[in-house]
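Encoded as C-alpha cells, here's the structure I'll be asking about.
The chains carry the letters A, B, C, D, E and F, assigned in the order they are written, with residues numbered from 1 in each.
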Amino acid sequence: MNEETRRKLATVSTATLTTVLFKRGYRNLFLQGVLPLNPGAARMVGPAFTLRTIPAREDLDGLDAFKDPEHPQRKGVETCPPGAVFVIDSRGDARAASAGGILVTRLMRRGVAGIVTDGGFRDSPEIAAMDMPAYHSRPSAPTNLILHHCIDLNLPIACGGVPVFPGDIMVGDGEGVVVIPAGIADDVAKEGFEQTIYEDFVLERVAAGHAIRGLYPMTDPANREVFSAWRAEKGR
Amino acid sequence: MNEETRRKLATVSTATLTTVLFKRGYRNLFLQGVLPLNPGAARMVGPAFTLRTIPAREDLDGLDAFKDPEHPQRKGVETCPPGAVFVIDSRGDARAASAGGILVTRLMRRGVAGIVTDGGFRDSPEIAAMDMPAYHSRPSAPTNLILHHCIDLNLPIACGGVPVFPGDIMVGDGEGVVVIPAGIADDVAKEGFEQTIYEDFVLERVAAGHAIRGLYPMTDPANREVFSAWRAEKGR
Amino acid sequence: MNEETRRKLATVSTATLTTVLFKRGYRNLFLQGVLPLNPGAARMVGPAFTLRTIPAREDLDGLDAFKDPEHPQRKGVETCPPGAVFVIDSRGDARAASAGGILVTRLMRRGVAGIVTDGGFRDSPEIAAMDMPAYHSRPSAPTNLILHHCIDLNLPIACGGVPVFPGDIMVGDGEGVVVIPAGIADDVAKEGFEQTIYEDFVLERVAAGHAIRGLYPMTDPANREVFSAWRAEKGR
Amino acid sequence: MNEETRRKLATVSTATLTTVLFKRGYRNLFLQGVLPLNPGAARMVGPAFTLRTIPAREDLDGLDAFKDPEHPQRKGVETCPPGAVFVIDSRGDARAASAGGILVTRLMRRGVAGIVTDGGFRDSPEIAAMDMPAYHSRPSAPTNLILHHCIDLNLPIACGGVPVFPGDIMVGDGEGVVVIPAGIADDVAKEGFEQTIYEDFVLERVAAGHAIRGLYPMTDPANREVFSAWRAEKGR
Amino acid sequence: MNEETRRKLATVSTATLTTVLFKRGYRNLFLQGVLPLNPGAARMVGPAFTLRTIPAREDLDGLDAFKDPEHPQRKGVETCPPGAVFVIDSRGDARAASAGGILVTRLMRRGVAGIVTDGGFRDSPEIAAMDMPAYHSRPSAPTNLILHHCIDLNLPIACGGVPVFPGDIMVGDGEGVVVIPAGIADDVAKEGFEQTIYEDFVLERVAAGHAIRGLYPMTDPANREVFSAWRAEKGR
Amino acid sequence: MNEETRRKLATVSTATLTTVLFKRGYRNLFLQGVLPLNPGAARMVGPAFTLRTIPAREDLDGLDAFKDPEHPQRKGVETCPPGAVFVIDSRGDARAASAGGILVTRLMRRGVAGIVTDGGFRDSPEIAAMDMPAYHSRPSAPTNLILHHCIDLNLPIACGGVPVFPGDIMVGDGEGVVVIPAGIADDVAKEGFEQTIYEDFVLERVAAGHAIRGLYPMTDPANREVFSAWRAEKGR
C-alpha cells in the first residue's frame, strides 16, 4: 500500500467503499456483526496480519499454553508489523475473549494500526478508552483458552463472514470494517476519494433543500457544472 | 391523527403504550430488535408511510437501478408526507443497508417525522448526529442493492416482527418503536396520557421510599386520594 | 460473604475473575449476552436472590396478576435483602420486559446491590440514568405479562446460560456479570485481588514499551524482583 | 384426566387441538422445535411429570453425580407414574443429551406414556426404534453432565417455549406436542373430538372435489344437513 | 412456460439449475431452509402464484377471519391456476402453520403443481403421504391465525430468502426448491437439460473408477469424444 | 490407528465415546448440528483428512476455478488416503454446498471411509442412497463457489464447533460424529469397547424390568457378579 492510498482511504467511509467495491462485482467485503469498540478513535487503515483460531481442546489449552513463546497469539502480538491491522478469525464466537487489554496495549505501543475480531474483547471498557481502533462483536470477559485455540499466523482467514487474505487492506470507521483486496487497493482508494467529494457535495445540496432526483446518482447533466464550480470553490 | 393525539403521544413512553395496548388485547406491537440510533433526538410520532423490499436479484439491482425516478426507495423519499414516519420492511436483514445519510437528510429536510427499518442504516455515525429520529437494528455499510430490492410503497408490511399498516401511528422513544393501529390511536393516546401521570406519581412515591404494594397497581383506595391531591398540586 | 471479600471483589474485573475461576476448572460462569445498562454506575457485588419465570399463559397472566400481593416478582422486589443482587431467569427472552423503572427504583431504594436479567428491561433510558447497576440483553418495552410468568423465588436458576444458585456471589463491571459459587468466593476474591495487582503492574510495563514475553505470564524470574519493588513502591 | 378424555385425545391431532385452544384464547401451547423421534409410535397422551435442569457446573456434574440415588434425573425415571409423560426442561439446548436409551427403556418398561425434551436424546437411533413416543429437537450424543444440571422434579417448567405445569395433559402425534392446561382438558377433548369428526367429513368432501368455501368453516347451512347425514351413515 | 421447458425442467436437479443460474450471475435463487415434506412425490415444476403474509394482529385474525370469502389464503386456494405452484411468504416463521391438510388437498384436487412456504405446514404427516409436492421448513401445528395475517395475492414476495415474482418458474426435487426468473426459463431449461446429460456421463465414468481431473469440468478434450460416443450410444 | 482400534471403534456408539472422552476431561468433541445423511450406511471410522474453506470472493471463485488441478477441493478428493475420512470446515454455513454427488462418488470409489461437513451437500438424495457414510447439516443445492473458497488441505480446522486435527480419529454412527484425538484413540477404543459390553448388559437388564439404581452406574457390588456371569455366558 503506497502512502497516497493510505492517506486517501483515511478519508473515505466504509459505506462509500462498499459501493466502489460493488461496482467491481464484490458483494461481501464488509464484516458482518463487527462493531467499533471506540468509535471516537482515529480511523483505521492498514494491511491485514491474520491470526487463526480453532475451537479449544482441554489438553492443549490450559493456562500453561501462554508460557510457550511460540503461542501464535503471543507471537503475533510481537511480530505484527507497525502500521498493519491485527485480524483474528474467532469463528464468530464471542462466548470467550479473542484478546484483552494488555495485548491490545502492546499492539498499540508497537505501532499497529488496529485490531479486529469477529469474537469479543475482554477488558473492553479499558480498550474503549484507548487510542487504538478496535472492532469486535460484543464484550466477552472469559479467557480465550476456554473456547479458542490459536493455531497459526498469516494464512487467509474468515472474519465476520468475509475472506481476509494477509496483506488485504482493512479500513475501519465508526460504522465497521471493510476489506479491500490488496491488488485493487490503489484503484479503490482513488475512486472512493473522488466519490467522497461528490457525496459531500450532494449532502450539502440536499441539506440545503435540493431533491435527490438527478443529483444522486447524477443523471441531470446540469448538476455536473454546479459540482465543478463547487469543487473549484472548495479547492477539492 | 388529530393534533391532540400527536401532542399526547409525544409524552407517553413506548413501555406505557404497550401496556395500554395489552389491555385491549394487543400483544405484539413493539418492534423487536429495532433500536434508536440517536436516542437524544426528539421523540417520534407520526403515521406510517411504508416501503417494502424483497431480496435483491442481480439482474434488477445493479447501480443503474437508482437512475430510475420510479425506484420505490427514491420515490418514497420524495413523496413521504411531512409529519409521517418512513417505515421500511427490510425482512429483518441488516447485512446490507436499508438507507443512508443522504436519503435520511432529504427526509429530514422534507419534514418527515422519523425513519424506521428492521435492517440497518449506512452512514450511521452521521445519522446518529442528526436531529431526525432514526431506528434500526445495527450499522450496515453495504449498499442496499446487494440484498434489498425495493418493490412497492404504502402496502401493509412487516417490520420488526410487527404488522404495520399505512396510516398506523408510529411512536418512538429512547427504548424503541411501538405501532398503534390507526383506529384506536386517539383512545390509546388518552389512556396513555392519563397512565403516564399516574406512573409519574408512583415513581415519585417509590423514589421517596414507599412500597409498591397497593400503589402499583393501585389496589389500596387510600392512594386514590393521595394521587388526586398530588395531581391537583402539580396541575396535571 | 464477609466484608473483606466484598471489598476485594469490588476492585477485580470480571475478566480477571473468569481467569481465576478457570484455574479452578470453571469454564462457564460469565453471563452470555448480558450487558451493562448503565456502565458508569458503581460496580456490583452481592449474593444472588433469584426470580424464576416460565412462559406466560393467557389465563394466568392478565393485568390483574399484579393485584396479587404474592405475585413472585412483586414479592421479590419487597423481600430481596439489601446488599443482594436480584437475578431474573427470563429464559434469554427479551421480547417482553423482565422489569421496569418503578420496580428498579424500589429495589434501589431498598438498598439492593443490583439487578440482572437475561431478558430486557423496559423504561431502559430511565434505568440507564439511575445509580443502580443493571444488566440485561436489550431494551424491551412490552409488559412482562405478555411472555413471562413469574413462578418462584430463590431456587437455582439459569441466567445468561450460567447456573446461579441463591447466595452465589454476583460481580458486575462495565463488561458484564460473573457468578462465583458461594463456597469459593473468599478464596477467589483473594486470588483475584492479588492478580489484579500483578496485571496493573504488567499493564504499566507494557504501556511503557516492554514486551509481553516473560512478563505475562511471568516466566522470566527477573520480573519477580521488579514486581516486588514496584509493589513496595506503590504500597500495594 | 378421566379415561374418556384420554381415549378422545388419542384420536385428535395436535393441529386440531391448537385450534380448540386458540378459541379459548391460548396462543402458545404447541412446543416449538420439538419433533417426534419415532413418528410411527402410538400417539402420546398423559399428564406431565416434569424434570427441570439448569446449566451444569463442573464441580457438581462429574460422572459421580449419577451415583447419588437422589439425582433428580434418576429419581424421576423411577418415580414418574405409569401413564404420565416425562417432560424435561433442557432450556432448548441440544448440545448435550437430555437422556439416553437406557433411561428411556426404563421409563417405557415402567409404563410411562412418553418422554419429551426441548433438548436432544442420545442413543437416538435406538430410541427411534422403540415403541415409546419420544420427542426432542435433534440427536445429541454428549452426556448430559456436560451441559445440564438436573435440579428438581415436578415444578412448573418451560419446554419448547411453552409453560408446562405438572399435571397438564401432554398430547403428541406425528407433528409434535401440545400442552392442555389440566383444568380444561375434558372440555378440550370433547370439542376436539367433535371437530375431528367434522374435519374428517370436510377432508372427504374436499378430496372428492368440493370447494372449501362454505364448508370450512361451515358458513353454508346446507352443509349442516349433509354433515348430519354423513355422520349418521358413518356411525360417528 | 412452454411445454418443452416444463418437460426438460422435470429432469434437471435443483443442484444443476443453481449452477446454470450461477453462470448467468444469479447467486441466490435456491430457497434456504425449505425442505421437501414428501421427497418421494413427483418433482415439481410450475409458475409461481404467490400469497403474502404479514404478522397477525389480534383484532383482525380471529377464527371468523376465515368466514370472509375474500380472505386471501382461501381465495388463493380457489384461484391458483392448475399447473401453477402456490408459494407463501411466511417471513421464515414456522411457529404457526402456513396451511394444513384440507387446503393442500383442495389445491391438489384443483391440479395445482405444488405448494411451498418458508414457514411450516400443519397436518404434516397427512401431507407427507399425499401425492402433491410440498416444501416447508418444519411441522407446525398451530393455526396460522396466531402469527400470520394473509394480506394479498400475486405480488412479488420473499420466500426462503429468495425473490419470487409471480410467474417465475419454481422447480422442486428431493433437495429443495429453486426459482428461475420467468424471462430466462426456456434458456435455463435447455442448458440444464444438456448439463444433466453430461453429469450423468461423468457420474457413470467416476463410478467406474475414472478420476475427476479433466472430466469435471471437461478440460481434457479427449473426454469430448468419449462423451459424444456415450451420448450416441445412449440415444440422448 | 491400529486395526484393533478400528475394529473396536466400529462397535462403539458416539454416545458411549463422548462419555469415555468426558472421563478424560474432553467436553466438546461431538460435532454439533452435523447429521447422518444415510443413517443406514456402514458405520464410519477413520483418520481425518481436512479441507479448509473461507468465504468465497467473486474474482477468485468463478466456474473456471475448478479448471485448476490444484484447486484444494479437487486435489483433496484425489489425494485423501483410502480409509481416511474427508472432513470439510465449511464454517457452519450450509447456504451453498460443500460437495456433491460426483465428488462423493469419487471418494467412495477411492476407498475413503466417509465424508463430513458442517455445511451441506448438494445432490443429497443421491448421496443418501450411496453406501458411503456422509454427514452434513442440511441439503444445499447451490454450487460451493457462491460461498466457499477452498483454501488448503490438512491443516487443523473447526468442524461443527469442534477442533479437528489431521489424523484425529473420526467415528460416525446413526446419531452423528465424534472426534478422538489421535494420541488417545487406542485407549479410548479399549475403554469404549468394554463400556459397550456393560451397557448392553444394562440395557438387557432394564428391558427385563430391573431398576436403574445400583446398575447404571454400577454402585451395587452384587451386579458385578451378575455381569461377570452374563459376560461369560455371552462370550464377550
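Following the convention adopted for this analysis, contacts are C-beta pairs under 8 Å (C-beta built on N, C-alpha and C of every residue); 3 or more make two chains touch, one makes a residue touch a chain.
Fair warning: this is a prediction, and the values are worked out from it, not measured in the lab.
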item	value
Distance-maximising chain from chain E - centres being C-alpha averages	C
Cα superposition of chain B on its sequence copy chain E - rotation in ° rounded to nearest 5	180
CA centroid of chain E to CA centroid of chain F, Å	32
Rounded Å distance between chain C and chain E, as computed from the means of their C-alpha atoms	49
Multi-partner residues of chain A (each touching 2 or more other chains)	27-28
Contacting chain pairs - touch in the sense defined above	A-B, A-C, A-F, B-C, B-E, C-D, D-E, D-F, E-F
Interfacial residue positions of chain C with respect to chain A in the complex	13-15, 17-19, 22-23, 27-28, 30, 32-33, 35, 39, 173-176, 178, 199, 202-203, 206-207, 209, 211-213, 216-217, 219
Footprint of chain B on chain E - complex, ascending	25-29, 54-59, 91, 149, 151-152, 155-158, 161-164, 181
Of all residues in chain F, those that touch chain E in their complex	63, 66-67, 69, 74, 77-78, 95, 97, 100-103, 105-106, 109, 122-125, 138-143, 145-146
